[in-house]
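Structures for review follow.
Each of the two complexes below includes chain A, the first together with chain B, the second together with chain C.
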Partner chain A sequence: MDNTLIDVKDLKVHFFTDEGVVRAVDGVDLKLERGRTLSLVGESGCGKSVACRALMQIVRNPGKVVAGEILYNRGAEGGQAEIIDIAKMDPKGKEIRDIRGKEISMIFQEPMTSLSPMYTVGNQIIENILLHTNLTKEQARDLAIKLLDQVGIPRADRLVDEYPFRLSGGMRQRSMIAMALSCNPNLLIADEPTTALDVTTQANILDLMSDLQKSYNMTLLFITHDLGVVAEIADEVAVMYLGKIVEKSDVYTIFNSPRHPYTQALLKSIPKIAIKREDLDPIKGMVPNPFRRPGGCPFHPRCPQAFAECKVLVPTTTQLTPNHSVQCLLYENFANRIATEQKQ
Partner chain B sequence: MTAQAPLTPTKTVEMRDENTILEVNNLKMHFPITKGISTRVRGWVKAADDVSFFLRQGETLGLVGESGCGKTTVGRCIVRAYKPTAGEILYRNEDGSVVDLAALKPDEVRPYRKDIRMVFQDPYSSLNPRMTVLELISEVLKVNKLESSDTIQTRVGALLEKVGMRPEYMQRYPHAFSGGERQRIVVARALITNPRIIVCDEAVSALDVSIRAQILNLLESLQKEFNLTYLFISHDLSVIRHICNRIVVMYVGKVVEVSDALEIYTGPRHPYTEALLSSVPLADPNGREGRQRIHLEGEIADPSNPPSGCYFHPRCQYAKERCKTDAPELRDLGGNHFVACHFAEDLKLAAVIK
Partner chain C sequence: MWKYLLRRTGYMVFTVWVISVISFVVIQLPPGDYVTNLINQMISAGGEALPSDYEMQLREVYGLNDPMYVQYFKWISRIITKGEFGYSLVYKRDAAELITERLPMTFALSFGSFLFVWAVAFPIGVYSAVKKYSLGDYVFTFIGFIGLAVPNFLLALIFLFLSYRYFDQAMIGLFSLEFADAPWSWPKFMDLLKHLWIPVILIGMGGTAGLIRTMRANLLDELNKPYVETARSKGLTELKLLMKYPVRHALNPFVSTIGWTLPGLIGGEVIVSIVLNLPTSGPVLYNALRSQDMYVAAGFILLLSTLTVIGTFVSDILLAVLDPRIRLE
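Here is the complex of A and B:
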């Protein structure tokens, strides 16, 4: 049996706004393996947060999961597979509410929106524990203190009664992690958990997350736009551009031999500590307006290697090796597609 | 060399040498803490507390350190958005004369506002949404009556082209632009007065990698073209490495290390610099298993209630008894490498670049 926890197939999430439809997630395939860390990277607006929200069925209005499957294996590791499709679930139904915050939990991009300013940190963790377990209030409080201690909060027995606004950014992020871990989830989704923090705090949080992942054998989906963070934490990397996964492989392949022109361009545009570059190579142009997506390959207007067909044919996934795939016509044998797509 | 400053006749000011355009000496900026509407001062936030460094003509000096260490405060003192509590900010005019900006009265500062400009942290909040690009860029000229309105339009158009935007855009409002374009407008607004020094406060921090690269390249080419001097404030040490000639490291309102850029990465001499650099994620997974990170325990100190002795001692892995009581001075270790640590000569610190 394979080790897949979640298999996302051709997921589409669209926003139906007054100005038109935004295809925020536009046919995403992703496999999350148990106990591994997958990093989702890409520039602002490419659909990272929306894709992750879809995994928990918490896409905001006017967004909807319009197509695809999110096959989740609820069964214990190594045991009988018990596969359910999250994409089919009612976002308000009991089924997904049982999973959310328990089997799959999330650390959000904006810590202040997910920790309520009205309640103490402890109460918020305790509430989540009571919702999903049969523990008593006292037991839940003890567990909350234990969790806060585990994520490196000093004097956890006192800080448990603090309000979030009294904590520093790093402490708040640690409490969020404690809350997310409170029911021992199978999957932890972390959406830019360290972006707002200092590098020193970031380093501590990243190490904390890898340690916890090992001890809980948790699957981690880590969203970031910082390629440095990706290189530190990821096992696998998926590069996103305009709602699509354009390249996917293990972290070493992505950094050592990227194939997609977008991945190559991203890596060339960042300053590095080890080598001083004379000039950075910026990607020309900018991410297009979501209402005016280019036809053909979505990257073609900015791609240094684009050729005539890139304007008309949408690239499909090409498997370069069993664990390396790209969506780019440079690697695709598209001759037959031209013939068939012209007939239609 | 000694120069007579016309606007501070009370004393003769000296700067280190002719290549120095700005020299900050023992700068302090303390903010009063009051509660509610009461004016009783309950204490002081020592946002900048004895900061010294200098800027050479045409260079880019990086100012780094954790959030709240006082980087923006120092920048705002230099452009005299704040009147410093104490210390000197010596500025060398184009004719070679030297003036202490810290000592000037508000109305005496005006002539220097065009020479020293600041690019602010957030491109979204720093542009008034009700003003057109033309108005935004030329505002400073009008306020300071620096140019007649008929030539302004031509100037703004030419400047927009310089920062890579179409002159036609000058009648539009900021909301019609992306983050990168707004940052170009902000840069154009700083350039309109033909400044000599620009304080860039996290000028690229809010931008995506590809746009960030565009703006960094733009800043570098403008520097060459106009012989600009930059004080580049950032918490991103990869960006700092790319753009800076020299680096100043701050911790809780104090300068702890000043050195050539490369030396900070190949041979840091202050324990805080060592820890800060070891936290930077490297965009290279190869060999990551063997990498050792220094963990800074505890929180950054509170600038209204700093620890005794060396402010860094509670988090420093090398701290000894003396560090708890004696505050280390910023000392020249030779080769223009300045460090404020009692044991700088003896410590063997790890570098990020071997």
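Here is the complex of A and C:
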């Protein structure tokens, strides 16, 4: 039985700025399985936030989804498939607005600024409920209190009338989660939800999220650059570099036998307290200027294993095992491609 | 909240008191007083210089020989206890009468201009921010800068010329001839409205342009804030989310402009009123200052400043109502 919730095929999101076109997401393939957690990992600026915003069509101007498909199966689990393509929807249209906040919802990185200080927490949660359900205001309020209680906010019946700026960062992020869950979404997108929190709060929020994921049986798309968080929460991992998914597999394979040199370097850069005090081992070089992307494999200027062909050939996806794929010439039989491309 | 209101009221009373002292002192700062002015006028009209003891007598009659703080004390205590503003030395009338006759007109004009400024600046400011760098934005920006750059008395002169040239009548004053001295009635009020829009637009022009820029800049700051993205991810329509979130946030500086728009409007009103011959306080205040008619001048300045202080107070209260961060501190 096909258990796919969202199937992203060759998604491209480009930003049309005055200085030129930035290819923030440049041909991404992703499959989100129902009830599973996919973690999207990468350095700042690799396009992971843009990619997940594209799933809800809330990419900021001047960004546009220019190609690809986002096939969303909105049918009930195990029931009749009802597949629609989000990529083709008008970002301002009613169709996508009915999905946002109801079937796909999102929590953001900055709990301090993601809630408006002008309205109470309750107001902002109830707004989402009233928008997508037929509940009355009183019922919506009761539901909001129930949700706040569920995400571990003490005295939820009183804090529902509190303004966000009177809550701590962790409490705000909990409120955001309550808001995102208010309509029982199929997919929850979390864009670095713990980055702005301190470490203890981080752990609490992560626990909360994986608990809620089980009880709501929802799919979780978790964006982060923190590999510690990935190890804790993810089922599958997709590693992103300069708008492309360079390696994709289950969490154990990624941590135990990473294949792409970028993934290997990322894992090596985690400081290990247990072993020995030595210098940090960062990935050498910087993420390239988005306007001057390197030709060939985008990672070759920083890659320790690069060879001559890496400068000219763009690697395609190589399936190593059924659930492990990588975009790297080390694993690709590219001899044929050189021949065909030279003919052209 | 109540504490805040109480504290603000205290500040307000103190501010008005300081203004009353300053306005009284400043008016007496130029050399000479009303009597010297009067004598100079008589001499220039061909009269003879008065004997100096007569001059002293005049000063005694008008109370000009007392030290300044005594004069101030007499003046302010009469205002507070009896509502008397003294005597106009030029018009030979009760100053309070003169003020009550003129001030409501000024107030109507300022309030009208203020409503005009807001009604025009708010939607255009929002439009300019949301459609940044569009043709409409450029057009409004262009008009706005002209409005900012051209002094409003010049606009008034141009308008006078045009109305005289093309409609064969000078659109001056606030009332038609038949209503000018008539007692207040509904038709007179309608007649006032018919005339009021011209000075309202002329006076409001500069303020509108400034406020459009303020609104545009504020809103541009807010449009990319994370809470806007949150609201969008809920599935709100663009218009609803725009009005509920970024516009609400951008409104704060907009509301606090009430305070500083009022004095600007009143200042602009003086010259426009002189050009258009409006029965407002501006021209009278101007004359009073020139001829050192101190009670009238001080009275006007005191009342206008009080109105401005009240305007600021109102804007502060509005801010507290609008923004929980201020209310809850």
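Methods note: the second predicted complex is superposed on the first by the 338 of 344 C-alpha atoms of A that agree within 3 Å, B and C clash if a C-alpha of one lies under 4 Å from a C-alpha of the other, contacts with A are read in each partner's own complex, and residues count from 1 in each chain.
The rule is simple: a contact is a pair of C-beta atoms (placed from the backbone, for glycine too) under 8 Å apart; a residue touches a chain by one contact, two chains touch by 3 or more.
Remember, predicted model here, so these are calculated numbers, not experimental data.
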{"item": "Clash or fit, chain B versus chain C on superposed chain A", "value": "fit"}
{"item": "Touching partner for A:251 - first (chain B), second (chain C), both, neither", "value": "first"}
{"item": "Partner chain(s) touched by A:199 [first = chain B, second = chain C, both, neither]", "value": "first"}
{"item": "Partner chain in contact with A:317 - chain B first, chain C second, else both or neither", "value": "neither"}
{"item": "First, second, both or neither for A:114, with chain B first and chain C second", "value": "second"}
{"item": "Which superposed partner A:226 touches (first chain B, second chain C, both, neither)", "value": "first"}
{"item": "Touch count on chain A, higher of chain B and chain C", "value": "B"}
{"item": "Distance of closest approach, chain C and chain B, by C-alpha atoms in Å", "value": "9"}
{"item": "Footprint of chain A on chain B - complex, ascending", "value": "66-67, 178-180, 208-214, 216-217, 220, 235, 237-239, 241-243, 262, 265, 275-276, 278-286, 288, 293, 295-296, 298-300, 352-353"}
{"item": "Residue numbers on chain A that touch chain C, as the complex places them", "value": "56, 58, 60, 92, 96-102, 105-106, 108-110, 113-119, 124, 127-128, 131-132, 163, 165-166, 176, 179"}
{"item": "Complex interface listing, chain A residues touching chain B", "value": "43-44, 154, 168-171, 198-200, 202-204, 206-207, 225-232, 234, 251-252, 255-256, 265-267, 269-274, 276-277, 279-283, 286-287"}
{"item": "Residues on chain C engaged by chain A in the complex (per definition of touch)", "value": "224-227, 229-238, 244-245, 248-249, 322-325, 328"}
